[in-house]
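Chain IDs A, B, C and D follow the sequence of writing; residue 1 opens each chain.
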Amino acid sequence: MIIVLKPEATKEQADELLARIEERGLKSLYMPGSERTVLGALGDERVLGELRLESHPMVESVKAILAPYKLVSREVHPHDSVVSIGGATVGGEAFMVIAGPCAIESKEQFTQTAEQVKKHGAHALRGGAFKPRTSPYSFQGLGIEGLKIMGEVKTALGIPAVTEVVEASDIQAIADHADALQVGARNMQNFRLLKQLGECGKPVILKRGMAATIKDLLLAAEYIVSEGNENVILCERGIRTFETATRNTLDLSAVPFIKQRSHLPVIVDPSHGTGRRELVEPMSRAAVACGADGIMVEVHCNPPEALSDGAQSLFPDQFAAFMQGLRPFVEAVGKKL
Amino acid sequence: MIIVLKPEATKEQADELLARIEERGLKSLYMPGSERTVLGALGDERVLGELRLESHPMVESVKAILAPYKLVSREVHPHDSVVSIGGATVGGEAFMVIAGPCAIESKEQFTQTAEQVKKHGAHALRGGAFKPRTSPYSFQGLGIEGLKIMGEVKTALGIPAVTEVVEASDIQAIADHADALQVGARNMQNFRLLKQLGECGKPVILKRGMAATIKDLLLAAEYIVSEGNENVILCERGIRTFETATRNTLDLSAVPFIKQRSHLPVIVDPSHGTGRRELVEPMSRAAVACGADGIMVEVHCNPPEALSDGAQSLFPDQFAAFMQGLRPFVEAVGKKL
Amino acid sequence: MIIVLKPEATKEQADELLARIEERGLKSLYMPGSERTVLGALGDERVLGELRLESHPMVESVKAILAPYKLVSREVHPHDSVVSIGGATVGGEAFMVIAGPCAIESKEQFTQTAEQVKKHGAHALRGGAFKPRTSPYSFQGLGIEGLKIMGEVKTALGIPAVTEVVEASDIQAIADHADALQVGARNMQNFRLLKQLGECGKPVILKRGMAATIKDLLLAAEYIVSEGNENVILCERGIRTFETATRNTLDLSAVPFIKQRSHLPVIVDPSHGTGRRELVEPMSRAAVACGADGIMVEVHCNPPEALSDGAQSLFPDQFAAFMQGLRPFVEAVGKKL
Amino acid sequence: MIIVLKPEATKEQADELLARIEERGLKSLYMPGSERTVLGALGDERVLGELRLESHPMVESVKAILAPYKLVSREVHPHDSVVSIGGATVGGEAFMVIAGPCAIESKEQFTQTAEQVKKHGAHALRGGAFKPRTSPYSFQGLGIEGLKIMGEVKTALGIPAVTEVVEASDIQAIADHADALQVGARNMQNFRLLKQLGECGKPVILKRGMAATIKDLLLAAEYIVSEGNENVILCERGIRTFETATRNTLDLSAVPFIKQRSHLPVIVDPSHGTGRRELVEPMSRAAVACGADGIMVEVHCNPPEALSDGAQSLFPDQFAAFMQGLRPFVEAVGKKL
């Protein structure tokens, strides 16, 4: 940790800070300069965090040297983690396609869609039972009824399924009917929920928040892993920027950036990332090309009638062509579809 | 609602959409142009939302005419709402100052700070018991123990107090010890929490999310009000932008923009909004000047020792001078401090 | 164009606005609703722009229906434009790789780098002579001397070259030594420069500004094309967002979004888009996969000694492997490298 | 400057870097840690910039300690600069109001507006002759004709005037008719223009770019000052963020942040900053309250007929009330209107 002092800081004030650093068993450094004095503190920066040096009135700024996350980093765990969702694997050489409707609307709608996506090669189903919606007047999901439909359909078709969790008290019910729990962008920093997912042990798909930096996302994953659950899959789904042509700005650079620093699998959601059906295919190919371990795509048996996100859902026959078109890209990166 | 069709849309497809609009009991309009056909639908746009016209493959875009929120708007409720927090009022002519530490760290720390802020004119205390922190390795708050300290101190000093709620299951415990519940930026779209706060009835301070538009904030408030709780105070606390000189970018334009459209009181948090102690005073004055109904300021009896957010907390004597300096601005806008 | 009136607007005021619309020879529409009156104006919206309806005190908002650009759109020109840069083509089936150093530093440095990138398959050279730098204390380029080096090296090696123009008065000198003129992100809305590039006729590579929407970029291209120069290549190079892990946020969704609306070729600059050498390869592959017509990559004969942007420049042998690795992706999209 | 090495960097590589630092006559520091080695370099960081340490393959990151600007900083020049625009002063205790139309449309329009704003207390006129417009189909200004009108009107009324410069070749013509030259947001990093304004010597109003950080703005000012022109006034006019309710997000925190670090006067443009007439007054008051040295406000003799920016222009009698309402805030900060 590097501590830059204000120009008016005295030698005594610097010594006091150096003493606080040494007290914690860390090595301190004193670097007087012509315009500023700089202090260094070498060692475990999490211990240094407790010193709260940035609060001192003579401290101008504090710069961390090490990344604040640990368990999710490649420095602790150099090899790719492979996570199994009900038998389907993601990470390493296994490329995973998760597909299905935004929301489970009825048994008929979910069955029809699920049959189609399975037939065309999806490895897992998606479908929301609890829908966080910006407006209280929008469709909020079928709730427990939706979970039951998911459980029945996935069993009937023999394919794993994932669904979103919005509150810790629902974890058990979801774990009974689904193979992985998804944390939505709006809940990425619902730390109470993250901790309980850490205790639950089931695979978690953690979506990046709309205003979350990559560091924030990795720290959110650290909450889950530090409670003992290593089955975490990160999901890039677009961040909020000034560009309104697309629903969000899909930050694909985050994929190789994270893969170089973390062992966790990273998937991409091009449906929410763009909000436009006609951008889903090119951005899925791009996700593959830059190293993503999977994609999560919205498909609906009848998009114009979808109760939510119809504009970004693929028609079933679009999905069939989409899967065909994806194959050469998956092969070019040396993975298996 | 205005529906712009794609250039290739046929007259038959337009007619089909017009029929769907009429079916809902709304007035439809057909406007063929040289390059695009445009349809109109006049009436309650929330009903139109259910038609999901944007999902139709021949629809290029859908533009709403009315704001999607209703109960929080001045059209329904033209006059300023005044909310009482344990006897202190905010809204209308009453300017409210809420002050205290980021987190309750001990009974001694909270008592000392509370005595100081009360002495210098704060109308209510703040202090976190449950702290949502980006890193799992940061101080997470004293929890229930902190709530008890808050309850004791506020009773002893005879001053109302507010604290943050992070999960619906904590609402009752917090309501027992505090006069208002604060929803933090990271939970602004935790809709399950918002609904239960709507049922609870206690005043709610709803902070704007880091990636939330003003419309998102008003819709989040609509969740609470539509469950029957009208005691909602909105809080601007900065949004996330590319500028890193300040912790967030305090969007003060949001204050008059919201006040012109909503009857709810709007307060400003210059401490989180800037993250820098030396910007708290100028930005508090600016908040007053542009029409805010109150401010929420972090003050700590000993900022260099604060367990969180020390760099943005005022020293007690800074707060005393701060309150003095605020007075002429509050008077210039015709409010009472 | 859709004009939403304020709730307090009277029928007389609406009639006055309708008359102004009709005066311009456009068709007007009157749509009274329960909460708002909405007016429509059908026809060429650029004529309507002159009415400045948004300035009227009774107008709440004005929504355009048509895109504001015309000559660059596929509606006017449905097929892909193919642009030739000194004999190398970009657009349609031709995928173009432009490579070279950020800045021309000396004849030796530029020759060495140029030989390498040509040998490994680049179709054109890049290299800056006039460098816009954020700080006045950074290296500003060799100027005219650099242009001469570019002219000599490209002639000696028989490969086209592109370089940046920062002021209209330099256009002729650059056109004498280079095959295409590049407009940097900071000059994307230097409209005087754009107009003169429109008159010049040489190919222009127009980079997206850091705060420019896709619409802004297409309107900037419209400035050039409307002066008679159709040889415009658009370049996505990242936008500024809150994410600081990468130098910019490369908005790859912009590539298919633009390609669906405009006939102009679109290339990607992954070097400035990410600012990190180790992200250049994955993001170049992703650019290919989502439909880009080319890439512009920084390569330096000795990056640690580069006078600018060394951290994002590839080493020559990295570039060789990079070109090899790109091939299967280019083939998968049906283009030729 | 702090240089963090990659985990795999060897002692030899560290020694090589240390030698390069020493060669430049700077003091080097070697700080081996358990996970990373950190190097320090103490002295003039601009010299260090030439070492381009960030380009070295074993360097993970480089963190500057000192601000990269110098001449504009309070460390070099502790007291407030006061700039005179044709006899009217800004900075120190002098609060300046610059008012007028977005564009000069005709002699009649500019005269009428100028008379009104002068009568109600403006200290200087504004009005654009060269208008940078996003679309090539929008009104582009009267050019030289507009400059002449400005010259005649300001002389007739005896009030200084400012106008925008968009290209270096126009500087002399503008200097002949106006008292200060304004650099618009889109040209803030047109470094060629900045340098020539540095040589010109006339006061320059430098507007912050839409994607410019505060550091970028101060470095752009450094370009002008380092060429010998100290008469620079900075202008906050809003940055581009995800919020679309306002035209830009007015970043008022930038005002005190800059004032604490730079001696240059800082003014605010609430008209472009918000894009909405009804927000101009509250945000002007807020600008005063947080310490701005002046404001620049758009006023038009007949906003509904304005050829540009009518929606954000005040009516003349609104401006009269506005000036009255501003006075108590200016007095509360100890300045003179």
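Definition applied: a residue touches a chain if its C-beta (ideal position, glycine included) is under 8 Å from a C-beta of that chain, and two chains touch if they have at least 3 such contacts.
A quick note: this is a predicted structure, and the numbers were derived from the prediction, not measured.
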Equivalent of C-D within the choices B-C, A-C or A-B, defined by over half of its residue contact pairs recurring: A-B
Most distant chain from chain D, judged by the mean position of its C-alpha atoms: A
Selected interface, B-D versus A-D, where C-beta contact pairs are more numerous: B-D
Where chain B and chain D are represented by their mean Cα positions, the distance between them in whole Å: 31
Geometric centre distance via CA averages, chain B-chain A, whole Å: 26
Cα-centroid distance, chain A relative to chain D, in whole angstrom: 39
Residues of chain D whose C-beta touches two or more other chains: 211, 239-242, 244
Residues of chain C defined as touching chain A within the complex: 211, 213-215, 239, 241-246, 249-257, 260, 273-274, 276, 278-279, 282-283, 285-291, 328-329, 331-333
In the complex with chain A, residue positions of chain D that touch it: 2, 4, 7, 29, 31-36, 38, 40, 42-44, 63, 65-66, 75, 240-242, 244
Parts of chain C lying in touch with chain D, wherever the complex brings them together: 46, 49, 52, 54-57, 68-69, 132-138, 140, 166-169, 186-187, 189-192, 195, 209-211, 216, 219, 222-223, 226, 239-240, 303-307, 310-311, 313
